[in-house]
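You will see chain A twice below: alongside chain B first, and alongside chain C after that.
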Partner chain A sequence: MSEWIDACAVDDVEEEDLIRFDHEGRTFAIYRSHENAFYATDGLCTHEHVHLADGLVMDHIIECPKHNGRFDYRSGEARGAPACVKLKTYPVQVKSDRVLIDIA
Partner chain B sequence: MTVLDFSEPARAARKRDYELTGTAGRHAVETGLASAEWYHTDVPRKEMKALMQRSDGAAIRDTAVWLGAMAVFATGAVLLWPSAWAIPLFLAYGVLYGSATDSRWHECGHGTAFKTRWMNDAVYQIASFMIMRNPVTWRWSHARHHTDTIIVGRDPEISVMRPPDLARLVLNVFGIVDVWHAVIDMARNAGGRLSAAERDFIPPQEQPKVIRIARIWVAIYAATGATAIATGSILPLLLIGGPRLYGAWHHVMTGLLQHGGLAEDVTDHRLNSRTVLMNPVSRFIYWNMNYHVEHHMFPMVPYHALPRLHALIGHDLPAPNPSILDGYREMLPAFLRQLRHEDYFIKRALPPTARPYRAEFHATPANPPATAE
Partner chain C sequence: MSGASGMIIIGAGECGVRAAFALREEGYGGPVTLIGAEPHLPYERPPLSKGAAAGAQKIIAGESRYDEAGITLRRATRVERIEANRRQVALSDGTTHAYDKLLIATGAQARRFPGMEAARTLRSLDDAEAILAAFRPGARLAVVGGGFIGLELAATARERHVDVTVIEAADRLMARIVPAALAAMFEARHRAEGVALLLSATVASVGEEGVVLADGRHVEADLVVAGVGAAPDTQLAEQAGLAVGDGILVDHRLQTADASIFAAGDCCNFPYRGGRVRLESWRCAQDQGTHAARAMLGADEAFSRTPWFWSDQYDLGLQVAGLPDPARPFIRRDLAGGALILFQLGDDGALLSASGAGPGNAVAKQISIAEKMIQRAVPVSAGQLADTGTNLKSLLKG
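On to the complex of A and B.
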């Protein structure tokens, strides 16, 4: 069952960047690609307890700021060591300049 | 530079256990010292994004100079061999092979040197071979080094343990200890086995790669040795493998300064890492890793942007040592003092503009807040 949450405004996220979004003890990362599309994943790297929001977005890759582990933020697939475990992704929709994510 | 001397009285009676599978490591996990939250200087996201941006230009230029110079020195040395005129050329080749390789291995291991992924990977593989570090093992080892920098029993890359083994340090100026261990590790891995420590920090799915690469390397070194025997000349060994010994001195000289004589078991890189200003030649060989506090605090920033990062956050860091010589003047007396009093370390003074060291970050049962002597 869907549980759509209002995460942020569209303008809160720069193109080819991400922000951190915390909700009820959980932390997420909201991405805006260079194609102006929005995505959402878990906010912590699967390698160690590090917030991805401090990392670097390059094309469709998010690189962890601590150990440079890489993920494709569209699918969550791990793309470079030390990241080996897939990142959980969440559905996203944009309504009235707000970014909503389904955290169910 | 003002240097304050500190000791940790509560630890005086306890022998340090640097083994990754030992008691100190377990204690660090239990007390939250492992995988802890570390201090970071505040940097606006916009500025940090600009600093983290990747590019190929600087690394392509530097790699062309590095490999091109190696080719020129090696060709000249071979042509002049066995004349004594070959010696300075071999010495220059050796530094590029046995020292500049260390920083190329490091930067490309982080994946920050080049923007293009395959370029990072290619240089990483070449550099790993030359510096004799299994590229899989050491990628994971270095990840742990960044997670648990100089945390006893957790960090596999503590180069100077307390009390310092000065004989080992001197031998390593010529790479002797490192190469000895590298050969043993390579032979063990090629034989299909990993040590307990390797199994501790390398995920199971990565372990077969360690063995495969070790076998390829053994084949290359065997071919080099066979060529030397067949031709009755040591030239092949002076070109492959040997420079890891006779050219290691520069990376040892700069590498010891990274953390030598500073604090253990703290979660603030300003306390356990050292930034040293260096001449341009050493900075080229070292690829700006002299900005070591900055690198540890923000490992995503490429080597070529570290001087800009240094300028941006310098107000929050201890003043850098102004030269390699000054760094050694600070570090060597600390090593000598640690021979008699192994809990001694250097605590470097912060400028008035810096946020103070946070005692609560370090006040774990394993490491009570230090007090000035």
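On to the complex of A and C.
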């Protein structure tokens, strides 16, 4: 079952960057790639409870702002110590300049 | 002698653990033995001064990951000596074990200066548990040393309503690595949180009643913790005849003069930008652990990763990339929300260091960009660094 929610406007996220999106006690990260595609993952690093939104995006990699854990935000795959647990990803669609994510 | 020889790593801290896993990631199929003196499963040390209490400690890897990777983890085991001529180590249980390559990752031990013998120090999980157990509301804590560990501990103590006095010999906090303007932000914050800061204050003695200063003042305390730096644990290396000078001397590959022995992390002294340094850094310990593993397998690459440090005190976060040079001017970049970054340029027209502080992780993105600029020696001007209208990330991509 899907549960699509409106996360933000397309223009809320700069290219090759991300923002934090909180919803009903959960926190997500919404990404806009340098190719202008949108992605969503859990908002906290799997290594420690740190908001990824303060981290740096380079190409398709989000780097944890604290401990240099890196993830490919398209697949959630961890790309090096200290992070070794995959980041959960969520389906995304863009409709009328709004970014929707399926948090089910 | 027992067992087939392989890779032996002395020290099961961040560096040793990373090296053990990196050997496997690099495809090494022989025996890997990781030897640690502590009884605990290897854990992360940075959270200790930030209030991670008993049971809440962060392990580096669960036990099953060692099993899956085929890493033999020997806990509560001391290496008595390295017998370099026989390429073997003798352990506290009386056994000896041969190695093809040996990595010394013994880290550092808390330092105490004369007169401070009665002070506690914070280095291990057991230290942290003993200290945190004394953090009751109204208890009096005296911290000797206004560096990262002492100040993080002071912040943790204030959050638990402990009365805190910090005694620092220098005229400001964190003088070893942090630029004065950033240290001042932390000084103001500690004072606002009710910490009594005694700067330019020298300790004469530590006793049951607290601390006696050189000028005769008394600081009454129920608990005295010294955070006055750490000394590299080089005893085994020295006994084995390896060269030591503020750390075990290694070359660009992290190899000692003995081609079978490498050293990495807080215990080693390595070449950096034409000089030599020893770092006490979580990130460096990881980077060098990975590098040493590759070098043990024959890779001939120079270790050149940019140093990176951080500290958390209250909700203020500090990050430093590169090694700030106190003799060089700082270029200031003010960010939103009171966050501040101070850059330094090197003689080559590239970034030398970037130090930032602000609420939470406000400086993280910029420091991460700066770290990559330092690493890649990206040319940049003082004007670009100071101007918040200049997108530093675009320079990185240039």
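Here is the rule we use: the second predicted complex is superposed on the first by the 104 of 104 C-alpha atoms of A that agree within 3 Å, B and C clash if a C-alpha of one lies under 4 Å from a C-alpha of the other, contacts with A are read in each partner's own complex, and residues count from 1 in each chain.
Throughout what follows, a contact is a pair of C-beta atoms (placed from the backbone, for glycine too) under 8 Å apart; a residue touches a chain by one contact, two chains touch by 3 or more.
A quick note: this is a predicted structure, and the numbers were derived from the prediction, not measured.
Colleague: Name the contact category of A:63: first (chain B only), second (chain C only), both, or neither.
Modeller: both
Colleague: Just chain B (first), just chain C (second), both, or neither: which does A:81 touch?
Modeller: both
Colleague: Using the touch definition from the top, say if A:42 reaches chain B (first), chain C (second), both or neither.
Modeller: After superposition on chain A, A:42 lies in contact with neither partner.
Colleague: Touch check for A:51: first (chain B), second (chain C), both, or neither?
Modeller: second
Colleague: Looking at the overlay, does A:72 come into contact with chain B only (first), chain C only (second), both, or neither?
Modeller: In the superposition, A:72 touches no partner, neither chain B nor chain C.
Colleague: Both chain B and chain C touch chain A; at which residues?
Modeller: 48, 54-56, 58, 63, 65-68, 81-82, 84
Colleague: With touch defined as at the start, can you tell me which chain A residues reach chain C in the complex?
Modeller: 16, 48, 50-51, 54-56, 58, 63, 65-68, 81-82, 84
Colleague: Under the touch definition given earlier, write down the residues of chain A that touch chain B in their complex.
Modeller: The contact residues of chain A facing chain B are 17, 47-49, 54-56, 58, 63, 65-68, 70, 80-82, 84.
Colleague: Can you tell me which positions in chain C touch chain A when the two form their complex?
Modeller: 18, 21, 58, 60-61, 65, 282-283, 286, 290, 308, 310, 360-362, 364-365, 368-369, 393, 396
Colleague: Spell out the residues on chain B that touch chain A in their complex, using ranges where they run on.
Modeller: It is residues 35, 48-49, 52-54, 110-112, 115, 117, 139-140, 143, 146-147, 203, 205-206, 298-300 of chain B that touch chain A.
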